[in-house]
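Residue numbering begins at 1 within each chain, and the chains themselves are lettered A, B, C, D, E and F in the order written.
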Amino acid sequence: MANKLATTSLLAAVLLALAAPSLAGDPDMLQDICVADYKSLQGPLRLNGFPCKRPENVTADDFFSNALASPGSTCNALGSAVTPADVRTLPGLNTLGVSVSRIDYAPWGVNPPHVHPRATEVIFVLQGSLDVGFVAATATGGSRRPPRNSGGSPAAVLSAFDSQLPGTQPVAEALFGASPPVPTDVLARSFQVDGGLVEAIRSNFPPK
Amino acid sequence: MANKLATTSLLAAVLLALAAPSLAGDPDMLQDICVADYKSLQGPLRLNGFPCKRPENVTADDFFSNALASPGSTCNALGSAVTPADVRTLPGLNTLGVSVSRIDYAPWGVNPPHVHPRATEVIFVLQGSLDVGFVAATATGGSRRPPRNSGGSPAAVLSAFDSQLPGTQPVAEALFGASPPVPTDVLARSFQVDGGLVEAIRSNFPPK
Amino acid sequence: MANKLATTSLLAAVLLALAAPSLAGDPDMLQDICVADYKSLQGPLRLNGFPCKRPENVTADDFFSNALASPGSTCNALGSAVTPADVRTLPGLNTLGVSVSRIDYAPWGVNPPHVHPRATEVIFVLQGSLDVGFVAATATGGSRRPPRNSGGSPAAVLSAFDSQLPGTQPVAEALFGASPPVPTDVLARSFQVDGGLVEAIRSNFPPK
Amino acid sequence: MANKLATTSLLAAVLLALAAPSLAGDPDMLQDICVADYKSLQGPLRLNGFPCKRPENVTADDFFSNALASPGSTCNALGSAVTPADVRTLPGLNTLGVSVSRIDYAPWGVNPPHVHPRATEVIFVLQGSLDVGFVAATATGGSRRPPRNSGGSPAAVLSAFDSQLPGTQPVAEALFGASPPVPTDVLARSFQVDGGLVEAIRSNFPPK
Amino acid sequence: MANKLATTSLLAAVLLALAAPSLAGDPDMLQDICVADYKSLQGPLRLNGFPCKRPENVTADDFFSNALASPGSTCNALGSAVTPADVRTLPGLNTLGVSVSRIDYAPWGVNPPHVHPRATEVIFVLQGSLDVGFVAATATGGSRRPPRNSGGSPAAVLSAFDSQLPGTQPVAEALFGASPPVPTDVLARSFQVDGGLVEAIRSNFPPK
Amino acid sequence: MANKLATTSLLAAVLLALAAPSLAGDPDMLQDICVADYKSLQGPLRLNGFPCKRPENVTADDFFSNALASPGSTCNALGSAVTPADVRTLPGLNTLGVSVSRIDYAPWGVNPPHVHPRATEVIFVLQGSLDVGFVAATATGGSRRPPRNSGGSPAAVLSAFDSQLPGTQPVAEALFGASPPVPTDVLARSFQVDGGLVEAIRSNFPPK
């Protein structure tokens, strides 16, 4: 046991590799239990967040998920996989203002710079060894190490958020894969490169 | 790897084994970084929470802890050990409103019924198999399984909280180990037992 | 008049007789008035909290209750009665984040140790003389006097909460009267007593 | 007893007699207890709110006040007296976000129209019979009855707030007694009266 | 350009000319976008705030308004016009907790003393020169200059609020134009004038 | 006047050109006025936010700034200038949770994609014509037009935030100008370009 977790480390990072902290926005708990009622998505009213299942329909399974038990597939360009357990898949989290994600890394895999617009984050290393850091709004100081698997074996972390739905916005994809697109000249001027290069990068992020 | 985490499960529980949910109380993030300044505890002003280290004194180590890398000792009456990583030991968590704890269980160990007065909680099973549940304020429904190691091997979980200092109050100890003591007749009437029995239980919880 | 209130005292107690403070969770007031629409409970959507009556249906009576005008009956095992005036019975309190309860005590009556999962509390003594205290999360210090009627005459208090629905969880009932039950061995290990005693106490709290 | 409280009534009013509701602004509870340290007012740092006494200096008296035990004197132009028990006088209320006030009324006494800028309010009638109401932001509907003692005997209420320091701003005094004064022509145009009348009313509110 | 904005000034005022600050009450952002669904007002459920349009129905126009592009008409008794751009007219503001208003002033026009029950405010002077101030809850200090156009030409400001629906309650109208009316004797005693004068002022504020 | 503002438009945008919304984090207003005490920055305690000036030291100037009266210089690579009026320069904004910024644009100038980690935003066009948009966390939909001056004359906007210190993080600078730097291979993999290109872009953002 001791061996297995010997490389476990804990990092308190507001945002991995990019952004400044934002405050969680889940302040509402007005009753004991408000298990998310997913069926409401078919109804006429779409709430900010989820309404509650009727108490008589709540079951123990509403509070349980095994989605994080197995590693996600890291066979992709980034060599990483994010598996969230948030209010969209674990209905018992509704109104609780807390959630977790599992991130798996292939050797040398990268979880690209991103922001969580509605949450702060703390990371627990489940396996392996990682370089992790964040960039404060001043763009100076504050980072420890960059965000990637720093070893030759798979790695995994558990991220805890102070929001039931933290949201995730990978920065490169947001800039170059948005639809409708951010205009070429805006990106060119922002990165201080020419428009051809912007177009070349954009071709890496086809609209979904 | 797959094997090791095969029994990993995720439970969204407001409070383990006892109590009703409470809303996290950490709403303050007024600047990019506010690493807890522990030296302030020697000064004349004691704040609600912690003041911040001067930016020039912040280091990467303020955001890192290996306190959770090894299992806590479970050689005690309960067969369990709680190791928190909150703002008291991980100063970078200050004003972030999030923290984690590691709980280790000996075979059949128990984390006794408790409340977290300033946080909601979600649990990730690191190892082994556990019975986990909570009691809603109505004392009916809502629980999945009781809180203890349900298997013959060690178990461990990671608890995530939406507070940088969730607080923990084990109920039995709070009732029978408080100093000054809760009067015997109050406890007798509450549990509907006689005073001699209250005194007998109290002797199990010597004042610290 | 002076005589009648001569023993009136005010105690700021986070939680009577047991627990640590929790922060109120009622942050939503997005419009002038949102009187709780109880009829919505028959509809398909169950909200976290209550939706609002249409303005044209709001009446002055929505803001008034005489439920606290008379003492509750204290002819019970505890010698006390809690009468809440919260958003479930006083619809005008919806979204206001405040409520009150009246607690009546027979001579030597006890309001058993409990937690309010969504509120802090301050107590105003309406009549009589009471011993009141609370147990902080550290289980040390902080209490003034235990929670019971300390005199030979009836007593009454008004409790004010910073929540429109504070919730109340009597601890003994939560532990020994939960359904499904908290397992006997968990309670035995927590209180450090044998299982037979747990069963005996449990028989005092039949499932509702 | 029943007689004594026979006229007791409960009114949920956002603001007595004038204003629209405001949300309480007391969201900070970062630790178990933070009893207000009044001595800090002599120090160099003035906080938003109060810092905490050192735990070893906290006493049971910090949580108790008898300031509300006796009626305030109503021998004044309004025939009413407000006695607050908030964080300025009851230090244990610090960070709890709740407080109470006692208001006594001479026969036909009036608590003039006012706003509480940081709190919502619910009123419990301790004695007598009162006309109470509020004016919503739309200036239409929402009121029950005007704010004054409606009977020939003294009356008293207890007001509960969802703030440890709700603040109180009597409207007439704010408009006509401010220092420096609100210009005469502004008040004249607002009330659609001539400037001489403004000056006459202002003479009723000498600067303090 | 420099000329045009030469008299531009910025004033941070909690509340123009009257009242003490209140904290914004818009804490809910549980998802990326929740554009207000105005059609829900015809449905059976009336929420606190607005539900969200279905994502497929959201358009760019939901985030745009030209209502503030032109000055409002100041041909009225006060010589001023308030044009709000809040969640009632700009649906993209829903759950964002921010809004703006444009206030135009005729020469010597006045925006009468008022409170915003759910917001703090900061003012940017678009054109002209204004006297602006506020009255703190203590009715002393804190004000700069009274609220009116201090020059002989039209003026305009933009007010920013930390609420998507700040609400506005002009004090004189609230007191003298409420329906049902605030009783004459209550107003007479509050302003320390006789009842005839109260009735005279009231006649300036016919119920709407 | 009408002419001058004829092209004025209002856009409710969570974040200009890049990012998803974040909730404002300024929940603390515990007293009437808490003007920021900048002298405290020389003292031993560094707070999260600012402490308050003593009331006797508060002046009307604490609530006024003319920093936004003149356009900022747009003679730079981006052709734009951001001039904030937040709690760092306008001390009266402390604890109010609201602030504004002025952004000036040269013809075809660009305010590069950025995030505000602690605020939502609404934009009022002071002069000229702009293309403005934002990218939601899903990177699809939600945008109206890209962020730049769309005309041949200078333009200017006023941005309002629901935070007294919203923070601003230009994305390109955060990624390529951070110190210590985000590792080349992390950026290369994130943008799916080669390392040489990353180094080339990085040379445009020398560490400050």
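Heads up, the rule we're going with is that a residue touches a chain if its C-beta (ideal position, glycine included) is under 8 Å from a C-beta of that chain, and two chains touch if they have at least 3 such contacts.
Just so you know, these numbers come straight off a predicted model, no measurement behind them.
Trainee: Using C-alpha centres only, name the chain that sits farthest from subunit B.
Mentor: It is E.
Trainee: With respect to inter-chain C-beta contacts, which pair, A-E or A-F, contains the greater number?
Mentor: If we tally the C-beta pairs in contact for A-E and A-F, the bigger total goes to A-F.
Trainee: Indicate whether more than half of the residue numbers at the subunit D-subunit F interface occur in both copies; give same if so and different if not.
Mentor: different
Trainee: What is the distance, in whole Å, between the centres of subunit B and subunit E, each centre taken as the mean of its C-alpha atoms?
Mentor: 46
Trainee: I'd like to verify one number: the distance from the centre of subunit B to the centre of subunit F, where each centre is the average of its C-alpha atoms, in whole angstrom.
Mentor: The computed centroid separation for subunit B versus subunit F comes out at 39 Å.
Trainee: How many angstrom between the C-alpha centroids of subunit D and subunit C?
Mentor: Subunit C and subunit D have C-alpha centres separated by 25 Å.
Trainee: Mind pulling the residue numbers of subunit D that touch at least two other chains?
Mentor: Within subunit D, residues 20-29, 32, 45, 47, 49, 117-118, 133, 137, 141, 143, 167 contact more than one other chain.
Trainee: Considering only which chains touch which, label the overall pattern as line, ring, star, complete or other.
Mentor: Drawn as a graph, the chains match no named shape, so other.
Trainee: Among all the chains shown, which pairs meet the touch rule set out at the top?
Mentor: Pairs satisfying the touch definition: A-B, A-C, A-E, A-F, B-C, B-D, B-F, C-D, C-E, D-E, D-F, E-F.
Trainee: Flag every residue of subunit A that touches subunit F in the complex, lowest number first.
Mentor: Contact set of subunit A toward subunit F: 17-25, 77-79, 108, 110, 112-113, 115, 117-118, 131, 133, 135, 137, 139-141, 143, 146-148, 167-180, 182-183, 185-187, 189-193, 197, 200-201, 204-205, 207-208.
Trainee: For a test of understanding, state which residues of subunit A touch subunit C in their complex under the given definition.
Mentor: Residues 27-32, 34, 37, 40, 43, 45, 47, 49, 51-54, 94-95 of subunit A touch subunit C in their complex.
Trainee: Of all residues in subunit D, which touch subunit F in the complex?
Mentor: It is residues 25-28, 44-49, 117-118, 164-165, 167 of subunit D that touch subunit F.
Trainee: For the complex, which residues does subunit F have touching subunit E?
Mentor: 1-2, 4-14, 20-24, 26-27, 29, 32-33, 55, 58, 60, 63-71, 85, 90, 92-93, 96-100, 119-122, 124, 126-127, 133, 136-138, 141-145, 154, 158, 160-163
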